[in-house]
Amino acid sequence: MMKALVYIGPGKKALENRPKPVRVDPMDVIVKITKTTICGADLHILKGDVATCHPGRILGHEGVGVIEAVGSGVSTFKPGDRVLISCIAACGRCEYCRKGMYSHCTTGGWILGNSIDGTQAEFVRIPYADTSLYPIPNGSDEEALVMLSDILPTGFECGVLNGKVEPGSTLAIVGAGPIRLAALLTSQFYSPSEIIMVDLDDNRLAVAKRFGATAMINSSDGKATEQILRLRSGRGVDTAIEAVGVPATFNLCEDIVAPGGTIANIGVHGVKVDLHLERLWSRNVTIKTRLVDTASTPMLLRMVRSRKLDPIQLITHHFELDQIIEAYDTFDKAATTKALKVIIEA
Amino acid sequence: MMKALVYIGPGKKALENRPKPVRVDPMDVIVKITKTTICGADLHILKGDVATCHPGRILGHEGVGVIEAVGSGVSTFKPGDRVLISCIAACGRCEYCRKGMYSHCTTGGWILGNSIDGTQAEFVRIPYADTSLYPIPNGSDEEALVMLSDILPTGFECGVLNGKVEPGSTLAIVGAGPIRLAALLTSQFYSPSEIIMVDLDDNRLAVAKRFGATAMINSSDGKATEQILRLRSGRGVDTAIEAVGVPATFNLCEDIVAPGGTIANIGVHGVKVDLHLERLWSRNVTIKTRLVDTASTPMLLRMVRSRKLDPIQLITHHFELDQIIEAYDTFDKAATTKALKVIIEA
Amino acid sequence: MMKALVYIGPGKKALENRPKPVRVDPMDVIVKITKTTICGADLHILKGDVATCHPGRILGHEGVGVIEAVGSGVSTFKPGDRVLISCIAACGRCEYCRKGMYSHCTTGGWILGNSIDGTQAEFVRIPYADTSLYPIPNGSDEEALVMLSDILPTGFECGVLNGKVEPGSTLAIVGAGPIRLAALLTSQFYSPSEIIMVDLDDNRLAVAKRFGATAMINSSDGKATEQILRLRSGRGVDTAIEAVGVPATFNLCEDIVAPGGTIANIGVHGVKVDLHLERLWSRNVTIKTRLVDTASTPMLLRMVRSRKLDPIQLITHHFELDQIIEAYDTFDKAATTKALKVIIEA
Amino acid sequence: MMKALVYIGPGKKALENRPKPVRVDPMDVIVKITKTTICGADLHILKGDVATCHPGRILGHEGVGVIEAVGSGVSTFKPGDRVLISCIAACGRCEYCRKGMYSHCTTGGWILGNSIDGTQAEFVRIPYADTSLYPIPNGSDEEALVMLSDILPTGFECGVLNGKVEPGSTLAIVGAGPIRLAALLTSQFYSPSEIIMVDLDDNRLAVAKRFGATAMINSSDGKATEQILRLRSGRGVDTAIEAVGVPATFNLCEDIVAPGGTIANIGVHGVKVDLHLERLWSRNVTIKTRLVDTASTPMLLRMVRSRKLDPIQLITHHFELDQIIEAYDTFDKAATTKALKVIIEA
């Protein structure tokens, strides 16, 4: 038996004893979790917002650990190997995987801690191990690598790559949670000349400044558009990254994107938004959405190893697996706890 | 004095006598128009929808002609040269022009027949002549080239290039007017394997079939989405081109675009549309808008010259400039006249 | 036992009886070959030019067949499935495969009929079956699909994609063997406005004309450069495809490429070539090499199915497996037999 | 009259009195030079290597200054404006300029200090001023901007852009002169994880380390290939930038480029090099050449203004125009003077 954080139903979760997972396919491995974390998506599940996740599910899609057992079809890993778990399971064979669009793998995608049991537990079964895990290089800080399961590739792929950030370009990030910081950190891989961070909270803006933002705008007065356009002499930004997931922030992005610019959506939206094509039809703009593919994970691993990216700065709190309910509480009340990402040691 | 078609005010136009235009800038030329045509945008102006176009304006932004006089700063053309007029005036010097985004030229763009007098006249003043006109190769069919002033670059740039049509990809074009045929013709430069044309009118669908569509769907029964998804075994299309400009057709594009696919907007929209990010946020889709830059005109000229593109098939009617009121009538009532593009000889 | 064409040593080959292959890895399948063909690379092996291919090897890396047996790790195929065999074996897991660069798969690549036994036999073992075979759609002409094992993806990827052929661009193909026709056919997916074919043989030029070339140049008089530059008014071609593999033809490509243009190398070179950087350093040119990755096979399958590509025209001769020695003879003496590709029925 | 540095003939130069330049075309301006510099290309001219540059020519193609007089066709500048001079004159109208390939402008390109008189003088005539000069933003350090006339766009466009440097990629720069430092500085816009600098001189390698190189290899022992491959565990580099212009260094780049990688040539070559296609034909490599287009100048100006790029560190010496012979001497003997770029105040 093992301990695991289980989704009981909308608004309810519990730390329970569960049977250790077993392999069900030749491509499976069993990983003993050493460190995991909590994602905004876990909070969405707990609100009952994710229809594919049924009560009884062990949550969690992030983490690092040690291979405990491997199936006969696994060629890349052996027991004892230390691995980074990707939030996306990729069969590596289907049409989408062949295009690097692992998020839409016909039998994988985001299934971990969603339609199959996840990583907030002592052990987890990982399907398609050869193409869903990454070996951890010797000497790595494993805690840092937990940030590579989801938040950093999501910020980079959905925000920075989709947003076509490039040297000398101007960027605005409209956000609230830690994902906006992942976009902020990884946007600097491309050396934009201006990074404007928009938030409702001065404390969070102070953090953004420390992470590299060049202008901070508190949008609580409803005047963010005017302020950004003034900063930009009326011209708007080349890239606007939406990292909240509500209509108002998406509309702000529509208002501030320059002709020829791009809106990159990271936010998980629950309702439709207004797209003002009566203004935008002639503005040569691009709007892009994406579920993270984690295709950038090898690159991110190289960036961490060469010290061009320091994910540790995203981590604010540490807990034991026994304290995971408290960890959820701390993460959920980020406004007061100032939590960004929390590490849970299993 | 010369004859010119003048916008009198919403719903009103007249063929009037006007002074011949004169040069006002060293980069100007005066062109004697030989052939022009009417665009859907001219009809928009006549409805009063285009705020930048004031009563008294000579309409028209398409045509071919002969250079009558050149300014001292013009180096590419001399009197007597036969030229193709681009609907977009480009100074060639500003930040946008330097990026090939001529539509947003800070002092040009779509000004012809809009904020300055246009081509539905015996003579027209063309600003920034060196970068807004193209020499007509000897032996060209000038009538064919009138289609390169606007409709073919618009269909190609806003629909095909923005839509990332590529060999073996699947494409749906949702449209009604002649612009959808420009997209249909030029999409075939990239050899998509399926081209689904969606329209409300069986006659227009028959034309589309003749122009190369591989499947024709009459959407008047409200079941276009189901039919397209059935054709595509539930997977949607790689590219959906919106060529109408109303919410319903844009929503259809949202419904049929496949994961990883692109919606390319050609339509001129008067009101906002619903963007269903609650479904699309995780679908890795791209939405692109664009006002034509006519950056593709030199390529289109080569395609016409090498007989890979035959614009003549877009032309259904011919009129003299004296008959331009009748030409407008024919073009406006395309449902009954079956007009695509009409040529007006000046 | 089964019949197989075996490489005996430089200059020697024989049709022998060999044991049927068996699976050695969970990802293997055994395919009963129905049709195969002969490649220029097989002739290279027979000359002793390919160090990785040892005497005793069954040759052949192209073909279609029926799955006879599958390993426990194979998820996409089952016995009885009809399949297209790719000349490139791809593990789907290594760094290169994850980038779609299957040719450099760390444990696969071009191994079939090279470092492992090949397809010119009644049966063949295919490693990494899930990512090295393609299902044959019902109703397909299987003979046509044999052309998708190697020659068509090679012409397309190494010549057309690497050469950045695009609508309205100009292209020269310098070649002799059937691969130049594969490049010629697939270049037309992108609608270049001019395709100049250079060859030493008027008969082969006549075939090129039939396949879509717009100008044919016999280079046997040593004046190809002058002729091409004259055709292009001195400006050179946007793309020059080298499809022979000797210094003279590569040098011709250097002489005719326009500023900003691309040389795409398909030829298998045995010796170094002179690169005239004293002329080219300032010409903004790109030179690209590639071993085919067969990443384009799914697209080519769609193009065949939608009748935008007709590979049958590449096939000139048919033989039974018993006649394979005669087939080699016919293929090797293409100048007199006018052979392009030969089909061998197993 | 004015003072100017004049090319007298191979090996000879002199500071002479010359008439002040006058405008000869409506697009011309006359610029009063405030600061200029010396380029390796000037040394090439002085050796007699540049056939287009005849004795009697005033040298220099870099600098900043103040507009003295403008032609009637100039719309962007007026007397008194402070401007950065691009080493490339671009008409903005020809086919190449319309593609942003200003280096091949049919009537411009690198003409300054080559086929027309240059900037090492008190005044200079600049043709096509609107598209060949850039306004200097208020508050800029003009000395820093002199580095944007040639060396920084050259290092960036020919080395970094052509080399497809990207986040997490590995890069080797093989060079000796200051241009390799321009490539080194601007490569960091894309955050490569490793930058290996190869040089023959330990002092220059120490400078490279200070500029951001992560590994320094002294190639004087002839073992650079082995050392680089060892550093890279045998895999080679994603990008190899050649910044010398001789066969040996180009061959080194061929030896160290990884499969799928790119060789970007900056060096001005006087003789052909060996291209080892017998090894490279199957390695999926790209080789790119380019004469700088200075299309990246606006971006570089933004990077300087936002303090992401500090060109001042390239400047080691200062001279008055009267001392320009001494300045040439200092620049030419960089091995002993440790000169990088020298500023000449006019």
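First chain written, first letter: the chains are A, B, C and D, and each begins at residue 1.
Everything that follows uses one rule, which is that contacts are C-beta pairs under 8 Å (C-beta built on N, C-alpha and C of every residue); 3 or more make two chains touch, one makes a residue touch a chain.
If you're wondering where the values come from, they're calculated on a predicted model, not measured in any experiment.
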{"item": "Chain D and chain A - chains in contact with each", "value": "B, C"}
{"item": "Pair exhibiting more inter-chain C-beta contacts, C-D or A-C", "value": "C-D"}
{"item": "Shared interface numbering between chain B and chain A [over half = same, under half = different]", "value": "same"}
{"item": "Intercentroid distance (Cα basis), chain D paired with chain C, Å", "value": "42"}
{"item": "Averaged-CA centre spacing for the pair chain C and chain A, given as whole angstrom", "value": "42"}
{"item": "Residues of chain A engaged with two or more neighbouring chains", "value": "99, 298"}
{"item": "Chain A contact footprint on chain D (complex, rising order)", "value": "167-168, 188-191, 193-194, 214, 298-300, 302-303, 305-306, 308"}
{"item": "Footprint of chain D on chain C - complex, ascending", "value": "96, 99, 101, 103-104, 245, 250, 259-260, 265, 267-278, 280-291, 293"}
{"item": "For the chain B and chain D complex, residues of the former touching the latter", "value": "26-27, 72-73, 75-76, 91-93, 95, 97-100, 130-131, 295, 298"}
